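First chain written, first letter: the chains are A, B and C, and each begins at residue 1.
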Amino acid sequence: MNFILIAVAVLGGIGLIAAIVLYVCSKKFAVYEDPRIAQVTELLPGANCGGCGFAGCGGLADALVKGADAGSLDGLKCPVGGQEVMGKVADLLGMAIANGEPMVAVVRCNGTCDLRPKIAEYSGLRSCAAMNACGAGETACGFGCLGCGDCVAACQFDAIHMNPETGLPEVDEEKCTSCGACVKACPRHIIELRKKGVKGRRVFVSCVNKDKGPVAMKACKAACIGCGKCEKECKFGAITIEGNVSYIDFNKCRLCRKCVEACPTKAIHAVNFPAPKPKPVDSAPNTPSTPNDSSNPKVEKEEQA
Amino acid sequence: MYGVIIALLPALLVSFYFFGIGSAIVCATSVAACVLFEWAINKFMLKNERTTICDGSAVLTGLLLGFNLPSNLPIWIIIIGALFAIGVGKMTFGGLGNNLFNPALVGRAALLVAFPAQMTTWPKVGQLTSYLDAETGATPLAIMKEAIKSGDASVLDKLPDSMSLFLGNHPDGAGAMGEICALALLLGLAYMLWKKIITWHIPVSIICTVFVFAGLMHLANPIYADPVSVILSGGLMLGAIFMATDYVTSPMTPKGQLIYGVAIGFLTVVIRNWGAYPEGMSFAILIMNAFTPLINTYVKPKRFGEVPAKK
Amino acid sequence: MNVRTFRIGGIHPEENKLTHEVETKVAALPKQAIFPLSQHIGAPAKPVVAKGDKVKVGTMIAEAGGFVSAPIFSSVSGTVFKIDTAIDATGYRKPVIIINVEGDEWEESIDRSDKLETVEAHPELTPEEIVNRIKDAGVVGMGGACFPTFIKLTPPPTAKAECVIINAVECEPYITADYRLMMEHADEILIGLELLMKGAKVTTGYIGIETNKPKAIELLAQKCAEKFNGSAYQVEVVPLKQRYPQGGEKQLVDAVIRRQVPAPPAIPVNVGAIVQNVGTAFAVYEAVMKHKPLFERYTTVTGKRLANPGNFLVRMGTPMKDLIEACGGMPEGDNKLLAGGPMMGKALTSVEVPICKGTNSVTIISGDEAVRKEPQPCIRCAKCVSVCPMGLEPYLLAKLAAVQNWERSEHEDVVSCIECGSCQFTCPAHRPLLDNIRMGKSTVMGIIRSRAAKK
């Protein structure tokens, strides 16, 4: 019997000492954490996917609480939880968030391999940032897409892919969470977050080339030459020409598509509109439109060719 | 990579001379198995289009693994060793350039643990036509271990003299194929230094540390062998010149390499004198391989501009 | 004379000084001269002419755009065609002034005689006057960096200049422009050095020359002794071991006066040295003594497959195309056109790019040498670490930049990188080390700047 008693006593003693040590440590080395962080974490989906840009939901909760104290929740968003979850979090923290309309990443370049010929070959680190630092790239357009896929590498949602035939990236609307990673990754600021639009319909200028018209055309047949016809056509004041390139303000655009018809180089794209009914007179064979899946500028070009 | 293979040629030829057909079979099997496994893993498991077998690293691993093995080792054991060396030691970490441990040593260590009997019986030199049936004998390291265990310094009289250890031609000498002749390995070292494939830091620091530490132990107690025998026996030369200097697993700065070499030398003597195995080199190198990233993080090269300006 | 060198790293690429002994020719005037407004570090210059204006050689066509800036002078006489954009050495279209060339009429104020003007003969040249004339003439560093020279001669109050070091090293392969300049204008260069020393208010000067130019060392040493022995100045010609990047200013200072410039933001004058390229010294002589602003320079046009590589005295604004034609035209097959040398030059996509203040060479690399080899995995051979002249670890910096770990990049001193290319040159696996490090360096410098701006 003795040895049982001794064993119990010894182990019990060890357990007691360990418990005391742990208790003291937990009190002495305790890290104060704002209780709101735990509350916000409860509201978040708990998937720890990293879509918000933080390591886990806890990281985002921490940033949200800090943001609330600093006065603004801008830039912090849970793409998986969406508007609903963000609304609850904002209520908890006593903040207001902008009523966000769904946004999507839009690639504003249509310089495909056919339309924008190569004038040189780049032999080096195949990254858009590196090629951008080296010079204008393999074509004569110093503003257009470089095609190395920094945007593809930046996307955590598998929502953007390079099309090997056109050499341009294409955004998958279903998967895009408008987190903005591709926008930051593009060294030429070609990708922009624009409103997704009613039924996914949107109109945008697919060019950011600031060279003068003749120079731009020489580099790429689909360039915006800054002629201003679209600006004149737009009755809603949504279009401005600055630095030889046209820009459509997505907040003012009413999707009437008059600018699309007016553009002489077909640089303006309308996405997710239904195909036009065949017109009796062969007046406008160049109305671009696509079926209701992801935008595909190449298909439009072929229809108009 | 091919430069190192050329540097190993003297040792390879010497091993054929001393161990005959056994060494040829072991080396050939080892090299073939390593290359085959690297190709197969690349193609079928990693689904790479291009495989890296042409850069010479698989051949080198195969050669070094073979040099660590006794020349009467059955083929199936060699193949298992190659699988461990390439599969576990190299490819699981990410292939060329990413492995943490020296692949040949991983293979050797795995075989030592899995087949201790076969891996610790060493054929004697001079049996050119025997393979599996070669007569085995005591290696110099086994003699040293016996002296330490029995506490009897006179056992050390059985050691071959230094010249035979250096040239490898003692009639009763036994050992691993690549380790038997220090002269051939030193020729390889000279070649690599001349071609600037490696620098002097690691081999010199290992050999000097072993010499000094073993020398101190010998002076303290004669049951420990004299330092010249210590540096000429076992895998010390092979390890110091070819295994520890492997680019991928050794530190990147000269100062770091010296620290690495001294630690390996120290650990080798410790394991040889007080460890269970007679040979300590492979374990010492493997242990220090694990420390290489730590050495790389904390030992930085001298930055330009750190010299205080002379006013 | 014992040969000095810098203490850390360095490589030994093939020299390929194909044009070493080719005497300099005066390049033909172009039909149209293109002047980018940004030919120097700092704010771009602002045009002061308009379409249709007539200009002479030496007329100012753009004034300095700020303190750290330099004016630009026409190198041709003719009519301003337009102010437009054109591709310059950055690879992008930048604002330029294009002038149609008519005749070769020079401004009257420029002294075109060959008479050697000495400093003794001009007592009116105070240090301030010298610096002003350099500033007004638009002289910038001619070694390629194009930093406005007048700013270098007036160091900030925290630093005291002790000596002027002339960088006549020309360590980069292929380039021989500085060597030809030394062989053909040694006297003017020494007077230029004297002006620089007077302008910086120092009495010690050094001229660093690599040992692959023995004739230049001998010539300059002899002329230095004749000129400066017994004068108030101590000038020494320092032969330097042939090693790349001996011509990097930090390496040069280390070799010549055995002092290492600390990490950025420190500059050579923080250890007492003002470094100027030998071409700048010549430009200083012409600017101060001959009232000739900076509008022409020595440029090497070279390449293994060029029919007649040569050295040219070329008016800035000349398109590279003209010089290449003068050398026999672009070779057949794949060619890489570099503004500069093979180590630090920039690959261009157009032969219309004009010669600017910093264009010391046009190098054409042809055939197999023009295309990069496929990169292999890093085998951690540490060759890059052993050659880095700044004591950095290129394999680590490249990896950190590739995974975008900027915090650790900064900690590992990526901003100290001088972008010499020794690491990429040495790497046996042909890895794009410098490409990655450059991206890391520019991102980290941006982070540091925005951090300083927030404070």
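Methods note: contacts are C-beta pairs under 8 Å (C-beta built on N, C-alpha and C of every residue); 3 or more make two chains touch, one makes a residue touch a chain.
Given the structure is predicted, the values throughout are model-derived calculations rather than measurements.
Peer 1: Looking only at C-beta pairs in contact, point me to the busier pair out of B-C and A-C.
Peer 2: Of the two interfaces, B-C and A-C, more C-beta pairs touch across B-C.
Peer 1: If you average the C-alpha positions per chain, which one ends up nearest the average over all of them?
Peer 2: C
Peer 1: Which chain's centre, taken as the mean of its Cα atoms, is farthest from the centre of subunit A?
Peer 2: It is B whose centre lies farthest from that of subunit A.
Peer 1: List the centre-to-centre spacing of subunit B and subunit C in whole Å, with centres computed as mean CA coordinates.
Peer 2: The computed centroid separation for subunit B versus subunit C comes out at 51 Å.
Peer 1: On a C-alpha centroid basis, what's the spacing between subunit A and subunit C, in Å?
Peer 2: The mean C-alpha positions of subunit A and subunit C differ by 42 Å.
Peer 1: Quick one: which residues in subunit A touch 2 or more of the other chains?
Peer 2: none
Peer 1: Using the touch definition from the top, list the residues of subunit C that touch subunit A in their complex.
Peer 2: 84-85, 87, 90-93, 346-350, 370-372, 432, 435-436, 438-439, 442
Peer 1: Considering the complex alone, what residue numbers of subunit B touch subunit C?
Peer 2: Per the touch definition, subunit B meets subunit C at residues 52, 55, 57, 95-98, 247-248, 251-254, 300-307, 309-310.
Peer 1: How about subunit C: which of its residues touch subunit B in the complex?
Peer 2: Those residues of subunit C that touch subunit B are 7-8, 250, 254, 258-263, 266, 271, 376-382, 385-386, 388-393, 395, 413, 416.
Peer 1: Considering the complex alone, what residue numbers of subunit A touch subunit C?
Peer 2: Listed in rising order, the residues of subunit A that touch subunit C are 119-120, 123-125, 127, 129-130, 133-136, 138, 142, 211-212, 215.
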